[in-house]
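Listed below are the structures to be examined.
Below are two complexes that have chain A in common, paired first with chain B and then with chain C.
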Partner chain A sequence: MADKVKLFVNGQEVEVESGKNLIDAIGAVGIEIPHLCYHPALGADGNCRMCLVGIEDGRPPIVPACKTKAAEGMKVLLDADHIKKIQHDVMELELINHPIDCPICDQAGECKLQDYYMKYDGQKSRMTVKPVMKAKKLDFGAGVVHDQERCILCARCVRFTRQITKTGELGIVNRTDYARVNIFPGRPLANRYALNVVDLCPVGAMTSSDFRFKQRAWFLTKSPSICQGCSKGCNIFIDHNREKYKDDVIYRYRPRLNEKVNGYFICDEGRMTYKAENDNRLTTGIVSGKETGLSEAVEATRRLISEAKKTVFLVSPNNTLEQMYAIKAFAAEAGAALSGFSDGYIQEGDADGYLIQDDKSANRASFELLGIEGSKDGFDKAVADADLVISFNNDLSKSLAEADLNALLEKAQLVYIGTSLGTCASKAAVALPIASYSEDCGSLINIDQVLQQFAVAVVKNEPAANLIEVVQQLGGSVAGVKEARAGLMESVAALKDVNLEEVPEEGIALTDNEVSNVAA
Partner chain B sequence: MSDRSQLIETGKPFAFDEQRDAEFERLATRYPTRDSLILPSLWLVQEQEGWISAEAMAYIADRIGCFATQVYEAATFYTMYNLQPKGEYHICVCRTLSCYLLGKQEIVDYLQSELGIKPGEVSTDGKYSLEEVECLGHCGSAPVVQINGEFYEYMNVDKLKELLATMN
Partner chain C sequence: MQVQVLSARFDIPDAHKIEVAKENGAYSTLEKVFSMQPEEVIELVKSSGLRGRGGAGFPTGLKWSFLPKDIDKPVYLAVNSDESEPATFKDRYILVKDPHMLIEGIIICCYAIKSNAAYIYIRGEYTTQVKALQAAIDEAYEAGYLGDTINGRDYKLDITVHRGAGAYVCGEETALLESIEGKKGQPRSKPPFPAVEGLYGCPTIINNVQSIASLPFILTNGADAYKAYGTEKSPGTHLFGISGLVNKPGMYELPLGLPILEVIEKVAGGVRDGHKLKGIIPGGSSTPVILPDEAEDLTLDYESMAAHKTMFGSGGIVVLDDTVDMVKLVENLIYFYHHESCGQCTPCREGLGWMLKIVKKIIRGEGEVADIDLLLELCDNIEMKTVCVLSAACTMSTRSYLNKFRHEFEAYVNGGASTQTAM
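This part shows the complex of A and B:
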């Protein structure tokens, strides 16, 4: 644990972590120091002057909190009149040329300028001269649209492209009133993390062309979840809303801080995976090409299983730990072979050493934990004499060429229990809709062996059954997530010391040792 | 100062000539980091071409190994760098505090009406270019005008009239 130091804020004694700057240290005990340019991932820049605080008996007596380390006995002044005046004056400066177009601004409701105006400024504009006009709708590339007039020149976006992505597409050009953020002509934003500048921007200067004008921030429900775009397991917020007379729809993903996994950011591809949750979903059962209810599809599947000579259960590396456990138990009961073949989910060479991974599935590490075999050889052997393949949300068309898939389906029937319409759903004898991860809950183990859990975020008007329920209806014995977790803790050695009912928000790191101890 | 961020593209690739190339390599040994080469490189371009195009900035960035935006920032920040071909007489009027208080606006207004160009523009005959610039370091003798590098102190409209007469 970090050392603690005692200091005084407005005369009140608080104990804070040493080594941190005043914004973070004092912020951790719930006292806010207003700041615009400082961001923990980008470090102190000291350009906005909003975080100036008084230090009683200090030399100098006024310091930027972002660049000042918390020290023993420090007497920090936040509510002294001269500090309030600074905050008030800085706000007035920021608003001199600001268009105050909040009614049409996407940031409204989550804008630092709005919040701080209400808290630290609150006066009418004294400006009588015409504000400086700048460009309103610049396409910076990568889905980022920039409004130079709203910009307060905190340089967070500039520092992000220089320090984090090291691509440096953005810069602040000109000086004085004319200063503005811009790209170099012909060199737009071209990195796979560019949309993070939209989140970083404390005002509405950076907007996402995907989200622009879609929703007001205050209507969105912000549910914590885990991105399933790759095996990194970045923490996200799912921002969704059920408009009157409509269904619950996801409008965007935003990164959620987890120092152990993704830090403050997520990649753009992951951010856009929300579209698959909204669109092209399998919503009804399909039996021999005809839409049916779930019960008919379940009935048809049960009949197929009882008639089949040999059945193969195909697990998806995106299934949660609990789902895999339920499927594995069902496979043992039904005498079916089990395979996790999903080579198509891996894009060799795509990883960038930061967040993006080769493996585009969220939970392949659990295969190892549960002894599920995912090789092509194992799959070929299992299906060689099989006449029924049941895919549990595993998109086989990703891993098999069309000809191979067709050849397989000539001798075996396919049941697709999944979330999306596509090749598998259309080629299947029976297709069963299930809840996707945004509508479900469970545990995932990422590529670095961190076990994380996510809860139900979206509740559709007509919720699809979750996969464990469907497995149970098909004849499986595991009744629900709770029972799966109890079973996992009992039977999997690596999870013996883990309480799956109480996984902390930042996840649990399973060391490599524990995983390799598991009997395959 | 006006908006200098609209760069001019020549449509032709830029490269240092032999002499400037050698000078660039000599300068490269002088600084602890290559980013420090941005300002002297911009001077070299201006020496060679008289002004700095978008292509020249991209060339400098690639030569130095820095981001193009760093060059773009520096070139648009300092008004001494010409981002367009300048006139035969390049007239800079200081717009910073001392000169502002002591009447730079009268000078600018007079020049605008006399030359028919706004700050940041070049007259159609290519004879004059006008620019409002940041502090020229002559605050003690404000307001100050700089024409082709020469300083003219304690300026007013009458003195300017005489000056313009000598240019014709």
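This part shows the complex of A and C:
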């Protein structure tokens, strides 16, 4: 437990954590100090001057809250007239050269300038002279488009490329109101986290070429979830919207704070994985090349299973813990061999020591927990005499060369229970559509053994069945996520002390100490 | 009225050369300094009452004593030679005419603060001065006054000259440090103060050229000899740069405490025939303007200036006569500070540009009375809300013109455009 100090805000005594700056310390007890340039991941810069607060009997009497540590007995003034006037004046000055083009700005609705104008300014413009004109829609590379006129020079983006990615592509050139954020000529943003500057930008100066002009922020439903682009399990928001007469569509992923997993950021590749949730989806059953309903595809699959001499269930390292449990149980019941072969999901040498991992699957750690064997040898042995392979959303074309896959499919038929069109769906004797993770829920264990859960975010107009339902329809005994969790807690030693029905938002670290801590 | 303390060797031909300077006393006080303990040197400077000559007038010896005791980091001296405040032209004389006085002062200061490395941050435009200074430093190394031993003593000192790249704000202590470190010249938030965490994160003392150049005299002749000049609280002498519409503009060394009107009249020859004194900028462009009748009892020292709600500043006195258009002068003033704002803090970055545009609007004859009031309000809104005092330098002076010459602004607003010049 961190040390506490008592201080006064507007004369009222509050107890806050010591060692933190006033913005964070006082913010933690629900009192907002307005700020634009300060960001907890980037530290205090002190340039925006919006967080100036009064310190009664202090020297100096006005200090930037971002640079001032909470101290015992401090008398912080926030609602004094002279402090309110500073907030008002700084907002006026932030806005005199701002284009105020909110109607066409992507940031509108989640813009600090808008929010603070309403809260701290609210006066009519007194600008009767020409504002400063600057450049617009500058392509900074990596999908980042910059508008210098909207920029308030808080330098969060600059500090991000200096402190977090340490690539330093951005800088502020020129002085005074000619100052502007820019890249060096011919040297665009070239790091794998560049799009975080769009989230960091408190105004609409940094926009994503992928997202800009597509949706108004206030129409988006922002559902918490877990990125499944790699084994890090970064926490995200899935921002989606069902426009009138259309389907629920995902427009972007944004990072969601989890100090124990990803901090404030996510990588650009992971951010773009939302596209696979929208596009190229398997939406119907396919039997012998013809589109069918799900029930026909299920029927066909049941027939294939009953006719097969030997069946192999191919689990995906992207299946949730619950899904894996249901498939494993079904395999035992159906007498099928089980493999988690998925070498193609691993890109050796791609990890960067920060968030990006070699393993591009979200839940390989659960293989170990459930004793699912994933080696190529094991797979080869299992399929050697098999005449039916059922892939549970495992894209075998990633792990096998085309010739090897074709050779396999000459002696064995493939059933693909999956989310996406592609090689597997087209080569399969039967393909069955299932809900993808944005439409499903479950538990994942990341590369650092942190167990996290995600809930259903998107509900399609015509929802696909989830994987556990399909397994059940094929003859599996696990009725749903709830039953799977009960079974897991009962049968898996490592989960004995974990309540899968109540996993905290930041996840549970499955190391011995952590589990005992959580259980207590 | 003129004295020769700092300028003692200015009139001697070739005094910038080390042999001539030595013949006339340069480096003669080093033996005495080295026989003292560093703390004794600090005490002596403290008792001399020497105040920082960069403009703020902070007691030099006291500044040195803020260095933390028992530190395991190197201590640096940064000599501020970024002389860029409009109307200030004093340090350049020292750099060209008697650079060895500065070098000797640096040795004394570094010995007192136990530093082995000094930087001279010199304004980029000072090409003549940087050549003269570097030549003198080379001579001093050659003669054994700098380097691994100083004058035969087991004490090491190196001086590095760092040229600025043309930013007024780099005269601000911490922007100066950023610039030496190779970064964009932007002031740092304080605390931490440079004496605790300065250049490269190490304790650093930053002194003006003239402050450092005053040390050889003080160490040679003692604190009392220095205090014989000036007033009790503002002792010593100062290199005053007198410019503007006077008959004999120039650089004059004077003791502090002299009546300003008498100095303008007797030293600078007074305003031109047929013209009347209209106002005085007492210490560089950032200091609030003084009206002739306010100047009656104004003397050239820190206390009298403060009592008249202005500042001693850098000793750059600008004399304004009845031909000066104060509105255009203010435009010129804001133009400068706007141009030199580092752009870091919102109020200064955005506000000074706005003020400039409003003044231009008034000059174009498109202004209203409300614009004059808006200017005054903006002065309040911007002042002291920023990391450094650059914006305050602009607003404090601008406010003084708006208040003392409001009728001239109103004349523009009311269509009576001036035929006077902006200086």
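Here is the rule we go by: the second predicted complex is superposed on the first by the 511 of 520 C-alpha atoms of A that agree within 3 Å, B and C clash if a C-alpha of one lies under 4 Å from a C-alpha of the other, contacts with A are read in each partner's own complex, and residues count from 1 in each chain.
The rule we apply is simple: contacts are C-beta pairs under 8 Å (C-beta built on N, C-alpha and C of every residue); 3 or more make two chains touch, one makes a residue touch a chain.
These numbers come from a predicted model, not from an experiment.
With both complexes brought onto chain A, simultaneous placement of chain B and chain C is prevented by a clash.
Once the two complexes are laid over each other on the shared chain, residue contacts for A:A407 go to neither chain B nor chain C. Of the two partner chains, neither chain B nor chain C is touched by A:A28.
Once chain A of one complex is fitted onto chain A of the other, the partner contacts of A:R187 are limited to chain B, with no touch recorded for chain C. Of the two partner chains placed by superposition, chain B and chain C are both touched by A:R175. By the touch criterion defined above, A:A455 reaches neither chain B nor chain C. With both complexes superposed, C is the one of chain B and chain C in contact with more chain A residues.
In the superposed model, A:R162 lies in contact with chain B only, and not with chain C. With chain A used to align the two structures, chain B clashes with chain C at 79-87, while the other stretches in 7-15, 25-33, 43-51 or 79-87 stay clear. Note: residues 171-172, 174-176, 178 of chain A belong to the chain B contact set and to the chain C contact set alike, using the contact criterion stated above. Chain C meets chain A in the complex at residues 167, 169, 184, 189, 338-347, 349-354, 357-358, 360-361, 371, 374, 381-382, 384-387. Touching chain C in their complex are the following residues of chain A: 44, 46-50, 52, 62, 64, 67, 85-86, 89-90, 92-94, 96-97, 126-130, 132, 152-153, 171-172, 174-179.
The residues of chain B lying in touch with chain A in their complex are 1-5, 7, 9, 54, 57-58, 61, 66-73, 76-77, 134. Touching chain B in their complex are the following residues of chain A: 134, 158, 162, 167-176, 178, 180, 182-187.
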